[in-house]
Amino acid sequence: MNRFGHYFRIALWGESHGPRIGIVIDGVPAGIALAAEDFAADLARRRSGPTGTTPRREPDVPQLVAGIYRGRTTGAPIAIEFANTDTRPQDYAATEGHDRPSHADRTAYRKFGGYNDPRGGGHLSGRLTAGLAAAGVVAKKVLPAEIAFETRLVEIGGCTEPDRFDDLLRDAAARNDSVGGIVECRVEGIPAGWGEPFFDSAESVIAHLLFSIPGIKGVEFGSGFAGAHLHGSENNDPIVDADGHTATNHAGGIDGGITNGSELVVRAAFKPTASIGRTQITFNRATGRMEPLATTGRHDVCIALRGAVVVEAAIAIALADLREP
Amino acid sequence: MNRFGHYFRIALWGESHGPRIGIVIDGVPAGIALAAEDFAADLARRRSGPTGTTPRREPDVPQLVAGIYRGRTTGAPIAIEFANTDTRPQDYAATEGHDRPSHADRTAYRKFGGYNDPRGGGHLSGRLTAGLAAAGVVAKKVLPAEIAFETRLVEIGGCTEPDRFDDLLRDAAARNDSVGGIVECRVEGIPAGWGEPFFDSAESVIAHLLFSIPGIKGVEFGSGFAGAHLHGSENNDPIVDADGHTATNHAGGIDGGITNGSELVVRAAFKPTASIGRTQITFNRATGRMEPLATTGRHDVCIALRGAVVVEAAIAIALADLREP
Amino acid sequence: MNRFGHYFRIALWGESHGPRIGIVIDGVPAGIALAAEDFAADLARRRSGPTGTTPRREPDVPQLVAGIYRGRTTGAPIAIEFANTDTRPQDYAATEGHDRPSHADRTAYRKFGGYNDPRGGGHLSGRLTAGLAAAGVVAKKVLPAEIAFETRLVEIGGCTEPDRFDDLLRDAAARNDSVGGIVECRVEGIPAGWGEPFFDSAESVIAHLLFSIPGIKGVEFGSGFAGAHLHGSENNDPIVDADGHTATNHAGGIDGGITNGSELVVRAAFKPTASIGRTQITFNRATGRMEPLATTGRHDVCIALRGAVVVEAAIAIALADLREP
Amino acid sequence: MNRFGHYFRIALWGESHGPRIGIVIDGVPAGIALAAEDFAADLARRRSGPTGTTPRREPDVPQLVAGIYRGRTTGAPIAIEFANTDTRPQDYAATEGHDRPSHADRTAYRKFGGYNDPRGGGHLSGRLTAGLAAAGVVAKKVLPAEIAFETRLVEIGGCTEPDRFDDLLRDAAARNDSVGGIVECRVEGIPAGWGEPFFDSAESVIAHLLFSIPGIKGVEFGSGFAGAHLHGSENNDPIVDADGHTATNHAGGIDGGITNGSELVVRAAFKPTASIGRTQITFNRATGRMEPLATTGRHDVCIALRGAVVVEAAIAIALADLREP
């Protein structure tokens, strides 16, 4: 099930340390202008470099290998690929069998009977989200022009003050540790009427895709978990005009699974990166003993940093699939 | 998209005030013993009666109209129906056009161009979840026998002390108000290896179905949103043996989208019931003016009460779809 | 997999001798006028009565139990059911285990480990096609008004002269035998551009549904098998104007999997009814011996007779699923 | 809808004259040995060279770019690509707008509003079937080892004598014409019980995929169209033992949509290649006039020649999707 979507359809493939990864996007209308440059801004947001991101450097130049002709989409499937250039599979050789706690190493091993590619997580790697980011760019082109995304990292390690984030990240890095974070995405301009009562509610489709992003363990809309503390008289959003505008937006833009025309508000909780340099005592399949593990390989201190644009991409893809023609 | 599932497949239909509602379940192996009595316990948990639930009384006797022969599943689609007996559509006649804030009234009206059945929410009614509860019973029969569910209402209106819940409910009811709540479901016995890296992670499939339950606005697994406050060294679950058991369970039973053999821990946040008797000033489509609305009809003070078994059913259905044969 | 369709979606359930059968139709736009009377004409074409059809009499009055409000579709799933009134399950008791040759009796028994409902074929019965005929009626309402169907039985038992059909049927009936036939459906008014290159070509989607109708063993479009005898210079259809009209129509309205605006021409071959009164020597599972079997129960001499409207319905459903919005 | 399959899932992309084409295969169990050499035999059967095939020469060396690790499938999606090396897009420049009769040129132009890649048919090219042939190789590895395929070209231009085929092909080529043909595939060793009553009958799934192969206009199983001429007493296959073996095989291995354990027998009718060098008078979109067209580009005289292995691949893929685990 490497595929998602009924109308805007994607299929994702590749491994962290294989020759390249790719995404195939189907259901894109013909005639949309699309060039490699269109991907630059979003891919730059996902690229490593800033404090707290991995030292692995991938240029992430998308290759548009199918579905584009004379600079426009043809209506045929669009295939986009990214070469893996800065791979260091040897980083993983020493620890093969010594599964990283809270990582897919062990579950992938179990699921695939040991045949999975373990190098850098193989297919279960954040590397694959480059494809999602690219599909997000295409999705945004498919969506009505008035739809605008604003995505922010609103919390790192429980701290909600962005000017203190860098200190927290440096501190965690200094201790060879990692830290979690929360990303909030707000989307203006979504028409009312998108989403199905059962089972493709707008929340269902968005959450489905978000929960496939490595590291996300919680998703909420509007007042979300906090809304469960309230009374109806506090949480309800009174309607104020014939267009359905509301005085408040506790619903986060969705009522009954269907967009209501207000701003979409989604928050996604990223757990701290599972791969940490700090020593952990954990079971070693290779030796059959509990042993100290200090993860090698190159990892983000906080995956929410580079994950923000992936959250936005996932929401764009979900909206492109939900949109009413 | 009234359908869900790739292997354990459901299709849901019906309206709150139509003659009956139903669910069709496909993908159930032949030869499973199944009788109307098997549904009694779970349907009783969903039935109204206790403090804070609607005065509408539906006996909810499931009719097994297809797919069962001589007391066992045949391998053909199973059709289960529930008669709607205690309908009072006249409750909704007076307020037609005066959309309830934070309710599907308005979004359904917009989506379906005013052709939707507005009586009691029509197809967008909590009534439909009787079908989900029934499908959950079938799903549990399909799952390995060692899988056991424990579902609790862990929070009402921000209060986490169950012995104070009744007071809160009575208090909200006395003020013609409603209140939100959080349901936690724990599932023991799920084998390691269920779920796909992309895009049918165990979290994705479970959250997809949960977010189609009316009123759910947040879903988290394991440490969830709280985990985003932690460091990796705090949130990671060290592995302690060859079977992959872990010292802690911050992951809630899922690593990399794949079940890890530990207990599944899911929490769902229900918003307070949107329909409240308390007067709200909100726009009336029929008159074109802001006007006071006191919702008639019969409603739960806290949908999380009767929603708990529906959460459990949704998780069972999702697991039945995720299971590896 | 009792479901079909991406946009116009159906789910079929029921058994020949259960209380009722039904079909759930999703993806139908809101606001379409739909009443029980709309089904009368097509269901009459499927009803038994004429020479060569079964003596089982089912009134086939469709019950519209969901998805209709004030005489119009609501956008919610439409549920249509048919009561089974004239059942005689005792007809099948004597021969249980003595599988009818070329019938689903044996394959269903194998597939479902003996748990299938064997009465009248259970779920694998032509009875289920009442649901398809009903869905076909809804599909035609969804299609553009200019689309017109003409469906004829063009061949019975190798004979292509309709005025000799009754003699052939009476002759076969007199010998307790059955006979095969070929149905041709022509559809005018389909816009150019429906169907996908891979893998939902117009032929693929139509053939998929046709080959699920009990008894169909061959499907061809346009010149079909006869076209394989020709040269390109004979089989090609020269284009004659800017609208793409063609001088001939060997393609049967589809080029490259995409409708070309010409008349759709489909032919479906029905095998002779497998259930015949005439004695056949065949293996009896119950006794473990080869034994003579004279099928009891009530059957059509030629299923193509009542199958014609089902072919038309299947094509209408497929077109409703293929249509570009 | 460039994807097919529920369990063995494929997604196809690329254009005849783009840099490369590819197929992504998902749902393949982990641990299957798979190397580039495994594809050689089937790809050789699809390669041009023999009498009647195109002079375009593609080495068709498959690149296994994902889903394989240490020579075995990993359980992750398998991505296979083929470089397009011998392209001559200039062949198509002169005739752009002068649509080839009975070709996808015109329907693709209509469907995609003129944005389609027209070079060599773009995405709607027989070139794409290299991906299908490759997926067929993988499908055969997934199927039980006892399943064996035998595929033959049984008819060219109405002639059923294979030793006369070369003459027919040479004759057609000499006249710059093309010719149709019929391919028959027989598959031994399929267990009884594969396929669903509705709507994924074995015939439905196989025919769905076959009708997506460019040029196929008819599909039949067992006695097929000829069976429609017969009586039930002639066409029925008496069962002869407890395993369900039958004295005859008019059913072609499928009863009631479910495999019965007998040999699967499928025939597919290929129309004559639409692209012929012989002059045809047909409408020119570019000039708005009827004009003579002599197709340039390089084409097969009879697509059934190279299509035989593609038919076999499609059936293997369909069986891999139908198989019961």
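Lettered A, B, C and D in written order, each chain numbered from 1.
Everything below uses one rule, namely that a contact is a pair of C-beta atoms (placed from the backbone, for glycine too) under 8 Å apart; a residue touches a chain by one contact, two chains touch by 3 or more.
From a predicted model like this one, the values you see are computed outputs, not experimental measurements.
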*Taking contacts as defined above, which has more of them, A-C or A-D?*
A-D
*asked:* Going by average Cα coordinates, which chain is farthest removed from chain D?
replied: B
*asked:* So the centre of each chain is just the mean of its C-alpha atoms; given that, what is the distance between chain C and chain D in Å?
replied: 26
_So the centre of each chain is just the mean of its C-alpha atoms; given that, what is the distance between chain A and chain C in Å?_
45
*Roughly how many whole angstrom separate the Cα centroids of chain A and chain D?*
37
*Send over the residues of chain C in touch with two or more other chains.*
1-3, 6, 12, 76, 111, 123, 197
_Of all residues in chain A, those that touch chain C in their complex_ = 6, 76, 197, 325
*Show which residues of chain B lie in contact with chain A when the two form their complex.*
1-4, 6, 10, 12, 99, 101-108, 110-111, 121, 123-124, 128, 155, 157-158, 172, 175, 177-182, 192-201, 203-205, 207-209, 211-212, 214, 216-225, 227-242, 244, 246, 250-252, 254-261, 269-276, 278, 280-283, 285, 288, 290, 304, 324
*Residues of chain A defined as touching chain D within the complex*: 1-3, 9, 11-15, 18-22, 24, 26-27, 30-31, 65-67, 69, 72-79, 111-113, 115-117, 122-123
